[in-house]
Amino acid sequence: MLEITTAHYMVLSASLFMIGVIGVMVRRNIIIIFMSIELMLNAVNINLAAFSYQLEHVVGQVFAVFVIAVAAAEAAVGLGIILAFYRNKETVNIDEMNVMRW
Amino acid sequence: MTVEAQRPMFDTNEMVLNMGPQHPSTHGVLRIVLHLDGERVADSDIVIGYLHRGIEKLSENRDWTQIILLTDRMDYVAAASTNLGYCETVEKLMSIEVPRRARYVRTVLNELQRIASHCLWLGTHAMDIGAMTVFLYAFRERELILDLFEEYCGARLTYNSQRIGGLPLDIPPGWDRKVLEFCDIMDSKVGEYETLLTHNRIWLERTRDIGIISGSEAVALGMCGPALRGSGVPRDVRKDEPYAAYDEMDFDVPIGDRGDTYDRYLVRLEEFRQSTRIIRQGIEGLPEGPFIGKVPRLIKPPAGETYHAIESPKGEIGFFIVSDGRSTNPYRFRVRSPSFCNLQALPRLIRGHLVADVVALIGSIDIVLGEVDR
Amino acid sequence: MGEAIAFYGLSAFILGFAILVVTTRNTVHSVLFLVANFMFVAMLYVLLSAEFLAVIQVLVYTGGIVVLYLFVVMLVNLKGSPEAHEDPRRLARTGLLLSGAVLAEFAAIIVYSAARPSSGATVSDAGLSDVGGNVEQVGWMLYTNYLIPFEVASILLLVAMVGAIVLAKREL
Amino acid sequence: MVDIFVIPLLKIVILLNAILVSVSYMTLLERKVIAWVQSRLGPMRVGPRGVLQPIADALKLMIKEDITPAKADKWVFTLAPMMVLVPALIVFAVIPFGPEVNLFGRLEPLYITDINVGLLYIVSVASLGVYGIILGGWASNSKYPLLASLRASAQLISYEVAVTMTLVSMIVTAGTLSMVGIVEAQRESGLWFLFVQPVAFVLFFIGGLAETNRAPFDMPEAEQELTGGFHTEYSGMRFALFFLAEYANMIVISSVATTLFMGGWLRPFPAVEALGFLDLIPSWIWFISKTFAFLYVFLWIRATLPRYRYDQLMRLGWKVLIPIAIGNVVVSGVVKVLL
């Protein structure tokens, strides 16, 4: 147990990912759902960094950088949508986001 | 803080913000209810009356000389001008001839008062826009004027410096020389203010094109004084209806051309220079003679009514007084105060501007709440 | 030994804060826990000698993206956050499903690493200096082998920026 | 054991105390400098010529009642001042106050650590300070602080872009991210980078003023407009923490500017042999005096200039500073490749 292997990092990553999934499934507040997605992306990054460490190659880190870039884009657009939606419907409950237009 | 508590903090449409009555840059107890669209002022309500002491009603129960004391408390940063306005009105009502020497000293006092008041305005106005050093520089010079006033009448703020028919005292010996010395100091210090502000890019950005008001609109809103002259209207009671010794003085009335905050600033800065010019003329041409005219022991003006206005630092301050000719106090006493009239233009000025401009514009119209609320 | 303490400590914090993010009612607190979570993930990257990634994590994620979240949370200013499904049993079903998935995943990892011990060489043995948080190496990779993905990512960011402005602006 | 635990801990303790003392004395310096500019004396009562004023202030702030507004979010309200101060303090870990010097027979560097992503570390940690400001304003549950904190965070994020772009051009020039490496690069080139990258220096300085919320960019705490800014509802020690953070940030910006542009601990004109006698002055004194020169300029500007309006500030940041910074990066890159 005292020897930390890549498997340890994978278990951590899997657990973090699952917490993110649970957040997405259970919570109704779309902002929380977005944050859960960020948690999942972080879990992926931990995996990438761990494999990069194991394989002694930086390509994993390069991919993690791309993931962060995509996360930034996703957050910007997603939050823009939340704001636009909130302005019209005065809610952030995902159950009420059931129309294609308003 | 909140006017409508049930409103969410960030309504997407409008937010109501209460500025004052305890706010560091509303210059007293002015309260402005701002309806904000983002940070832009969509509309505003001005709430006054927090400093109402009923001076007008009070005056109707005081005898004529006691009222001078009350006028001190109206525009408390320019008490000498209010004193003068009241005394001249009563003199007009009673047709008292004021000796020439008294009229000259009154002119000098009035102009000293104008410089002191403008110093206070400049300091606070610059402070509102964030230039804190100007504040202390301007107060440094104001202090010299207060010293001069103290030497003349013993008080530093509420002077009680005029009497009906003339002055309470002749000028102390050597005072005239000190006043001239002060004029020299003042002329150089105005240059200092100008170095700090006039060509400062940030100052220009903060004041240019902020609160533009055209001359006709300003007249329609009843604006007066430097705030009106900044819009290009050459209205100055000192020139148009000379009182005291202004008809014998040579001076210019500076006017602006755009009517923005910067122009109002320039007009007042130029008035510093014109005031020292008038003071020099007043001291150098000071005639000999008595300092108070022939005034009856009991002041009891004949029945009648009169209106008389003078140019106070803030603008045209007018007194409308009715005497019934029987009692020793006025039947009706009413003041047209420049701060009040200028304040009416504020909602028009701040509409469409940002919150930060609101404080710049309050400074730019130069109000004193003691005079607004009376 | 030191690595084990660091790993378990960080993992506990990461998972703890992640759970708090998902369970907290107050959205602002939730964002704060997310910040803490990201900081600990950054520390984990340092443990994996990916310093560049750690710094980028703090700079972009914590200092940028989450601030954006905070902004939005304040702008929408929720009094009571919307909660609860119409069907409460759905929660239980989801939970069951997800626990199964997690268990399966753990099993897979353990089986995998037990079955192929040779490739699952302990990372503690791995040379730190070769991979080790080398900014130059990451930069080199980004600008040579991964130049086209890099450019695509920048276009993506540009598009996202334009999109976010279009969406959030009240009237154009 | 001594090398990995005792020495660094000792250094951290010494540095932390030095920083906190200099931060509190910054308040005195500010009051004195501004007073002199305004032809006043400044604090004179506590101690000879007022030198004990910061201690009196600290005592006063500590014994004052620490008020939490009834409707405030108590946890966040308490946490916010710390979240501002901590990033400002941990940045000092990578700032090199001097090279390796001989102390009691040991060769010790005058910095806590030299990591290979030093500059990025500073940028990223500094970007965390914005949380404290936003949360402080939000947790107060009051309008003016909220408005001020939104302003502050928008300002910090905007100017962070410009400052980071400026730092990129410095990285290109120096060829390293390590703070020590940047100073060494200046020694090798024999020139302070101030003369190599004057545009970057000006941009960094303006951006630094905005990042530390100093005049003329001090809208977040524009007391004339917002009655005090994001810390309106704070009192006592928590209020003091916000101020400690502001001054600590000023020192950070000055130290980083010194390291990047003014040769860090190097003497002026490090390549000119004729000035070798200046090396008699210890390196850390050079560093501290340069930093103080910067701080003095900060105060001088505060005493002189009016305040920008919020939209003008944003316009300046996005339409002037960021384009120039990007252009500067491109030019630096091209020059670096061509030379």
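For reference, chains read A, B, C and D in written order, and residue numbers begin at 1 within each chain.
Basically, contacts are C-beta pairs under 8 Å (C-beta built on N, C-alpha and C of every residue); 3 or more make two chains touch, one makes a residue touch a chain.
Computed from a prediction, not measured in an experiment: that's the story for all the values here.
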*Through how few touching steps can chain A be joined to chain D?*
2
*Is the number of contacting C-beta pairs greater for A-C or for B-D?*
A-C
*Could you work out which chain's C-alpha centre is the most distant one from the centre of chain D?*
B
*Averaging only over C-alpha atoms, locate the centres of chain A and chain C and give their separation in whole Å.*
6
*What is the distance, in whole Å, between the centres of chain B and chain D, each centre taken as the mean of its C-alpha atoms?*
44
_For chain B paired with chain C, centre-to-centre distance based on mean C-alpha positions, whole Å_ = 63
*So which bits of chain B are touching at least two other chains?*
9, 12
*Multi-chain contacts in chain D: which residues touch at least two other chains?*
146
_Shared interface positions of chain C, touching two or more other chains_ = 52, 56, 64, 71, 74-76, 134, 170
*Which of the residues in chain A end up touching chain C in this complex?*
1-12, 14-16, 18-23, 25-29, 31-32, 34-36, 38-39, 42, 45-46, 49-50, 52-54, 56-59, 61-62, 64-66, 68-77, 79-84, 86-87, 91-96
*In the complex formed with chain C, which residues of chain D make contact?*
73, 75-76, 79, 115-117, 120-121, 123-125, 127-128, 130-131, 134-135, 138, 146, 150, 153, 157, 160, 177
*chain A-touching residues of chain C, taken from the complex the two chains share*: 1, 3-4, 7, 11, 14-15, 18-19, 21-22, 27, 30-31, 34, 37-38, 41, 44-45, 48-50, 52-53, 56-57, 60-61, 64-66, 68-69, 71-73, 75-76, 78, 81-86, 91, 94-95, 98, 101-102, 105-106, 109-110, 112-113, 120-124, 126-127, 130-131, 134, 137-138, 141-142, 145-146, 149-150, 153-154, 156-157, 159-161, 163-168, 170
*Which bits of chain C are touching chain D when the two form their complex?*
26, 28-29, 32, 35, 51-52, 55-56, 58-59, 62-64, 67, 70-71, 74, 133-135
*Across the complex, what residues on chain D touch chain B?*
34, 37-40, 142-144, 146-147, 215-216, 218-219, 222-225, 227, 302-312
